[in-house]
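Note that chain A is present in both complexes that follow, paired respectively with chain B and with chain C.
Now for the complex of A and B:
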């Protein structure tokens, strides 16, 4: 697992923990953010995810107009950022 | 204003009026105001601005302006030169008196700047006070150029003339003299003939020594100021100063703070005041409870101050209201003024819910920062908090909180406790970001709330 993958999965796990939505849920790269078969984030939860990503990582895909649907798409956003700045 | 100083000087010319870098007696303050008044009249100054952190001199100039009807305007003492030039242009000030070298260096054809000595003119006392006596104060908005608020000395003085003598009281000027709240303290202390201590730096951290050294007994300040002062006093080994009167104003006063103040200063009377540059003061509330008594809403037509609530907003009609904004026509003195403060009547109280402009729109839900702030500041380990709206791509804005921790607490635990304290609020009201910060975004000892400034 890459560093970005690990840190974003941990961040989402902590987010679900605070929202009492962690039980019985495993955060994987292909997990969908929304819906019953995914992590079940609603719009306010997703707003918090957006704010948390910005607080912890300094940027946030939602604020830049993207609408990632899966954990992997969030990771891809940060991977792309790093390859641009590298 | 001069008449207040003259009255106090007639009672006891040697009583100390002001303590700045040195002490000023009422006799000396009256004499200095007279000489500045002669200087203003001799130079034909009709309107002027003042830039100084020498508060006694600024007060002498205000008194002089009230004596000859020249319109004074105090700028922020630490105003940057570029901002000063912008303000002078915006308010058409061509004369600026100052003791700052960088301000005096601006002297030129467009803007005349001069030191205070240029106004110090000997001669006979001025007694022919004109009927029209204007004063200009500037609002301390959190963004952009301030607004000019036109006042009339007669209206401002009408409410303090019958102030009882306060001999033996020592007040602290915790507001800038250029702020409307600062002017209210100055007028009150001059009317009562008390001593006013004017520290050069008014942050709570900087005034503790002055409280002890000058034996301050009365302080009127913002809740934010009091919160930080309490923290300073807790860290100070000396016993708490013997404060007899505590007044809060400028922001809503959380009930928990009133309790903590009463515990720290058991001898003190705690009151709060509701006032604004535009409508003056509605008087102080001395029952130690939150909000204003609803009985203020049912006063008869002749009362000097009346209140009403319309669409959740508090309106004031006052005899001490402003004349009008700068650059705008005079207002009807009998008109109701919308305060911008959202209130709710609960039993016999008018309770403040926040500024209309501070409302955070979270996905269409209007969130008021104050109830959130009250919950957060009650969390053990939180010294102060700022609740504001942060732009969010999904719901427009979310509630974000910056907290200043009190001493060494575990950051993760504190964030958890802050979130838990807000758990009873509707979901849109709950914070989506909690950050522990070293200090809060503040302006003039008030926390900047609501919509994020950045």
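Now for the complex of A and C:
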């Protein structure tokens, strides 16, 4: 698992814990953010995820107009940023 | 007194009501950040007296990049914001049939659009940090209407509507949002009213006087007190009884 993958999965796990939504949920790269077959985030949860990502990582895909559907798509956003700045 | 200092942003804190609210939070031991288009003797004095817990930046928050730069600067210093007081506002008076488009834009750009913009940024910070309080400084002219203040009154009614909707959105995240409909204050800009109009207001006010900034600042302190977190989405009228 890459550093970005590990840190974003950890951030989402902590967020779900804070929201009392962690029980019975496993955060994987393939996990969908929304819906009952995914992490079950509603719109306010998504806003909280967006704000937390920006707070921790300095930018976030939602604020830049992207709408990632899975954990992997969030990771891809930060991977792409790094490859641009590298 | 609060146990730990809270971080408070008060927009338009260089004079008038805003300065009264800044003074109140400095008195309660909190960290205060404020901005206006230009500094004043008062803001310079606070910066000297409280170098560690008063921050002032010249910024026109109706200009989004300037507003964003101000918020970034505050967060770089203090990481998170506990309280936002949306006080910055402008009044332009005049019969609506003769009102200029420029005046309409000036009032709406600051009183509403700037408030929406800074509130969005601060709500995001509050979501990431587990809660907070927002107080919007509104006006009784948004509730009753006042001849010559149609656009200003509409902007304040809009602020009250914004207050209710935002309170519903973020209530579950320990964020309260309220507005204070202020009556007429004895500040240097009593919203374009002349002396005759102010005397007439005093005669019609049960409390028999105009308001002081501290009358409003005490209500702000009440609304942002953590113990009062069951009060949200409300517009509290503080006007000496004028509209009762």
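The working rule: the second predicted complex is superposed on the first by the 86 of 86 C-alpha atoms of A that agree within 3 Å, B and C clash if a C-alpha of one lies under 4 Å from a C-alpha of the other, contacts with A are read in each partner's own complex, and residues count from 1 in each chain.
In this section, a contact is a pair of C-beta atoms (placed from the backbone, for glycine too) under 8 Å apart; a residue touches a chain by one contact, two chains touch by 3 or more.
All values reported here derive from a predicted model rather than from experimental measurement.
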**OP:** Put chain B and chain C onto chain A via the superposition and say whether they clash or fit.
**Re:** clash
Original post:
Which holds for A:48: it touches chain B only (first), chain C only (second), both, or neither?
Top reply: both
Subject >> Residue contacts on chain A - larger count, chain B or chain C >> reply: B
**OP:** Pick one for A:58: touches chain B only (first), chain C only (second), both, or neither.
**Re:** neither
Subject >> Touched partner set for A:24, first chain B, second chain C, both or neither >> reply: neither
Subject >> Overlapping contact positions on chain A, where the chain C interface meets the chain B interface >> reply: 18, 44, 47-48, 50-52, 54-55
Subject >> Touching residues (chain side chain A, partner chain B) in the complex >> reply: 18, 43-44, 46-48, 50-52, 54-55, 60, 62-63, 65
Original post:
Which of the residues in chain C come into contact with chain A in the complex?
Top reply: 124-125, 127-130, 169-170, 172-173
Original post:
Which positions of chain A touch chain C when the two form their complex?
Top reply: 18, 44, 47-48, 50-52, 54-55
**OP:** Using the touch rule from the top, collect the residues of chain B that touch chain A in their complex.
**Re:** 362-363, 390-395, 398, 400, 416, 419, 427-428, 432-433, 435
